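What follows is a short report on a single structure.
Chain nomenclature is as follows: A, B, C, D, E and F, assigned in order of appearance, with residue numbering initiated at 1 for each chain independently.
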Amino acid sequence: MNVVYRNTPRAAAATVDGLAAFGVATVHEAQGRTGLLAPSLRPIYAGARIAGSAVTVSVAPCDNWMIHVAVEQCSPGDILVVAPTSVSDAGYFGELLGSSLQARGVRGLIIDAGVRDVRDLTAIAFPVWSKCVSAQGTVKETLGSVNIPVVCGGGLVNPGDIVIADDDGVCIVPRREAEATLAKCTAREEKEATVRIRLKAGELGLDIYSMRERLAERGLVYRDAPPDA
Amino acid sequence: MNVVYRNTPRAAAATVDGLAAFGVATVHEAQGRTGLLAPSLRPIYAGARIAGSAVTVSVAPCDNWMIHVAVEQCSPGDILVVAPTSVSDAGYFGELLGSSLQARGVRGLIIDAGVRDVRDLTAIAFPVWSKCVSAQGTVKETLGSVNIPVVCGGGLVNPGDIVIADDDGVCIVPRREAEATLAKCTAREEKEATVRIRLKAGELGLDIYSMRERLAERGLVYRDAPPDA
Amino acid sequence: MNVVYRNTPRAAAATVDGLAAFGVATVHEAQGRTGLLAPSLRPIYAGARIAGSAVTVSVAPCDNWMIHVAVEQCSPGDILVVAPTSVSDAGYFGELLGSSLQARGVRGLIIDAGVRDVRDLTAIAFPVWSKCVSAQGTVKETLGSVNIPVVCGGGLVNPGDIVIADDDGVCIVPRREAEATLAKCTAREEKEATVRIRLKAGELGLDIYSMRERLAERGLVYRDAPPDA
Amino acid sequence: MNVVYRNTPRAAAATVDGLAAFGVATVHEAQGRTGLLAPSLRPIYAGARIAGSAVTVSVAPCDNWMIHVAVEQCSPGDILVVAPTSVSDAGYFGELLGSSLQARGVRGLIIDAGVRDVRDLTAIAFPVWSKCVSAQGTVKETLGSVNIPVVCGGGLVNPGDIVIADDDGVCIVPRREAEATLAKCTAREEKEATVRIRLKAGELGLDIYSMRERLAERGLVYRDAPPDA
Amino acid sequence: MNVVYRNTPRAAAATVDGLAAFGVATVHEAQGRTGLLAPSLRPIYAGARIAGSAVTVSVAPCDNWMIHVAVEQCSPGDILVVAPTSVSDAGYFGELLGSSLQARGVRGLIIDAGVRDVRDLTAIAFPVWSKCVSAQGTVKETLGSVNIPVVCGGGLVNPGDIVIADDDGVCIVPRREAEATLAKCTAREEKEATVRIRLKAGELGLDIYSMRERLAERGLVYRDAPPDA
Amino acid sequence: MNVVYRNTPRAAAATVDGLAAFGVATVHEAQGRTGLLAPSLRPIYAGARIAGSAVTVSVAPCDNWMIHVAVEQCSPGDILVVAPTSVSDAGYFGELLGSSLQARGVRGLIIDAGVRDVRDLTAIAFPVWSKCVSAQGTVKETLGSVNIPVVCGGGLVNPGDIVIADDDGVCIVPRREAEATLAKCTAREEKEATVRIRLKAGELGLDIYSMRERLAERGLVYRDAPPDA
């Protein structure tokens, strides 16, 4: 059965925005190296960094009808997450849909398929992470669902999950863990700031992280290279 | 037999330039969602949008001899379309060939293989859509043909066909359909202009395109999300 | 056995820097079309062109421990070359390691796997050529080796080999052949400068390279295209 | 946190075995074209057709420690489903583990990575569906989890879900829907039996399924091919 | 416009059957190393070798409606060639369609997408060359065309072309060149029979083909391996 | 410079044959999980298991000339290892070359490209491990080298190295380490034989390998699955 779920719960705006500030790599590490989607999802232009609440869309292959349906379910601060039910590299999304979502305050799109009009989407600064760029047209014949759990880029995304996306890719934070993850990000970042200063001053990670003893225990051997024959 | 066909017919310059203005996504839709080459063909730099008449080149794998032969057959406003007879990611084309083509008024290159000297080609603004960037050298040992039909990026390209290329990829318009396609592009763009204004004003595609009734007929169900447990 | 080789021989700095000036395509051609790594290794940002002495690192899959060990073995002018022992697209390297290497005068990283923090690495201008961008975290559990021969991007890299990298990819020059290759690059570039001027003036490569006779011998046929039906 | 869940609920044995008899294509269609894992998961030998209850294993990349842990959680009639947390094609599983599982009545393995000892596994008739065959060894250093939801082959698998696998691939049936799906399979198969007889007798699907009218409505045109020029 | 062309011309049955006897590698060589489709098209079972006249089908992605339409256009000795208009790995074809085609004397299927029911298709000995095996279901919503030129596996196939397929892949012979190609196959095979006898007797291809002189001219050097250090 | 090295040293026949008996997975483990070539190299038929001394061939892309040259350098017990200098999936090798090698006592072929005539090669029982099956023809225009180090399937192969190949893939043992590796294989196999008996009797690897304590130290938690809601 094809269903559109309305009024799915979202995390608090402050939590979502807090996560955006840390970016994908920090959030992924903070929540125990989980939640990262496949590296095949790449941004259409460099430099964007966003976070938002997932509105999920399950679409039939080469059919973008449900994206039009999903627009109505979007609120300011959301990010659309689109996954076809069969692998595809067609172009399900272009500038008109981007303008429509932008008018509703949506922050970006994650799609495990293709996108088009990338020049125009770049011009209006609507960021997209997609598997490819393709102008291949789609139809509007087969129903799908909105706000059901979907697998996108090899990862599970539930409606209302927090999506973080930047030049490093896309990471998903389960809604109920958003606040805890934000706290861990803050702690992690503080620790890294100190390490960064020491590294830039020329100290070695081997010493800062006290790795030498454990390497020796494991049996690492140091030798001089053979003399230049 | 290996043949170079000379003086292949081209479409009118005004028609070709008209198509360039619309870009790949619009042209592809206007001609009934046909003609798009594979999304694996990507531009070496962002922002170029060109159209031109195809001069086609069938080359032996890792052999760029026939590209040198093809240069002589090019006229101002042409685009070179190169397809190896066996899959390859070597670098068949670099800055010297780019300079040579540019001196003859050629607008760009489409190649189902690799290209090199991309920094220099970017500097002289000679746009290329290729399967990859590779410096792997090629030889000049085996003949091929110029201006025969080729399959490039999974699509058929006849000499004299119109090639449109931009950040969305590459689209082919059969020469005899160029004028009709141009007319359809104009019509399509006018329609989209109105829709764009309404979408930016916050109207929904669901309403603009009157989709709600057909969705209901197909059985789409709306439900409130379960309360937050 | 896991070993770290220290004090591997390097080529003279002037030779290394000379090769950087020519770039990947010229160096690859000058040494007989050898040494190019796979085109899957792409730069995280455009425009960088570097050369340096290879410090090689063989790492366990999804384990970046040995990169930390390798930092200590790096000298100014080096380039780190990292290859996992089993295929992987995790993110072994980020901004902290980049800062650490930069503090030691290292010029860049080649990695047959993923990299993360690309926005920050771009900001500090630390260039990386990698198979992909991925924030997927790695562990520090299994030993590897430093400065042993590794296969990276399908090519063999010995410690101390010269690595040249730019927008066209990555090329390896065996250390003992560095000076001879540099001489060949100079010769090649001089020859190309003359050809470039003639091509830009509209002369054809067919004539400059005297190809017409050999093409005819091989049986190339010229025909007029059939009249427009 | 890394957890092993014990005593997960399973579907009734009769239901599971009933699904096996129908095979992947029928089950996938019967449950509304859902549940199919990626076609990259292929059997190591032809002809096996199994169904069983999923015991899921989330493993670190190139680390098969948790498979050893999972064996203890398996009961007769189960199928092991293994997914690494980062993409990998190493060989996590071989004949010793196959013998161990077989001794516990496990029916087969689904793994989104590599398998080895395929000759021996074939000899003992332990069927495996894997992404590849690879002898690349793995370590036992990093924890994972058993019987948590995993994404395998692009699809979500919950512990206790029914796994159906044959030469067509792998399909997942949610445990609570197993009986309903079995009933739909029976109904579907009965209908197909009649159609099969008519098709073998030379009747056309166009007539059996009454497609001609709808094709005409959509505008399908029939023409004779142009005379042989 | 979507069209079904009826009564397309076919080559003589004796010519088609003659080509089947030679197989893909010989036919491909005999017609000047052209016509081979991509190696991604693999047989679902080993040992089949067929030739037949192409009935081509252009289908919408994940939509197999036009295959049902195409069945009616098939005659004994034909081979169905199916190409989606956008890349897809769904399963467009199964045992029911196979039985239907077999009832009409069709010899096999070439499809640039997925196939399912491979166990049943093998049992009834209906050979298929496909990009993958997948049970992923398709819809019947969008028209396509029958017996128009299609690009399948990277090669152009016209209706009525002769398709040869065996364990080496799939090769296309243009209809008008079928007889000439058959003659060249016979000549080639005769020549190879003599060579085969000499090679099996231990003679070297270097001598049979008189390669030594040309190798020396090109500069090939023979050296003894360095003594075992 | 293109060179053919003659009379490269080989390991003792007894050592080579001893390694064949153990197969790829055991040899790879015995030498510390090194030496395995990429899993993309697959056998053309199941069941073969061979070992032999490598005769290496570096060929130009889509050019099989040097394979003819290499035949003369082969002795009974050798295995030919072929690597193109640029990625390619053409068919460099067929039944005639197979018959020629078989007449010289060569045991099989490893090729990082395509092979053809697989039905005939299977019939004469000449085993091949290749990247793909393809009938795409090659030329004889460009020199390469015989018995130089090559990178094949992502691994380094020196002439005279021992090649082991079976259904699990291909593994390389450096010639000087062959005897030591054989001894380690024997030791490993003896240990596994005991484990196999205990596993088949139903004992758990967790107990046989005493893993429980270390798992607990790392923090693995066991819980009962939540009751069936």
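Quick note on the criterion: contacts are C-beta pairs under 8 Å (C-beta built on N, C-alpha and C of every residue); 3 or more make two chains touch, one makes a residue touch a chain.
Not measured: the values here are computed from a predicted model.
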{"item": "For subunit A and subunit C, chains touching each", "value": "B, D"}
{"item": "Chain pair with the higher count of C-beta pairs in contact (D-E, C-D)", "value": "D-E"}
{"item": "Where subunit E and subunit F are represented by their mean Cα positions, the distance between them in whole Å", "value": "30"}
{"item": "Intercentroid distance (Cα basis), subunit E paired with subunit C, Å", "value": "39"}
{"item": "Shared-contact residues (touching 2 or more other chains) in subunit B", "value": "33, 87, 89, 136"}
{"item": "Chain-chain contacts as defined at top", "value": "A-B, A-C, A-D, A-E, B-C, B-E, B-F, C-D, C-F, D-E, D-F, E-F"}
{"item": "List of subunit D residues in touch with subunit E within their complex", "value": "23-25, 28-29, 33, 36, 39, 42, 46-47, 49, 166-169, 171, 192, 195-196, 199-202, 204-206, 209, 211, 215, 218-225, 228"}
{"item": "Residues of subunit E defined as touching subunit B within the complex", "value": "33-34, 38, 85, 87, 149, 151, 154-156"}
{"item": "Subunit B-facing residues of subunit A, complex", "value": "1-9, 45, 65, 68-69, 71-72, 89, 91, 94-97, 99-100, 102-104, 114, 116-119, 122, 132-137, 140, 143, 147, 159"}
{"item": "Residue numbers on subunit F that touch subunit B, as the complex places them", "value": "60-62, 86-90, 136, 139, 141-142"}
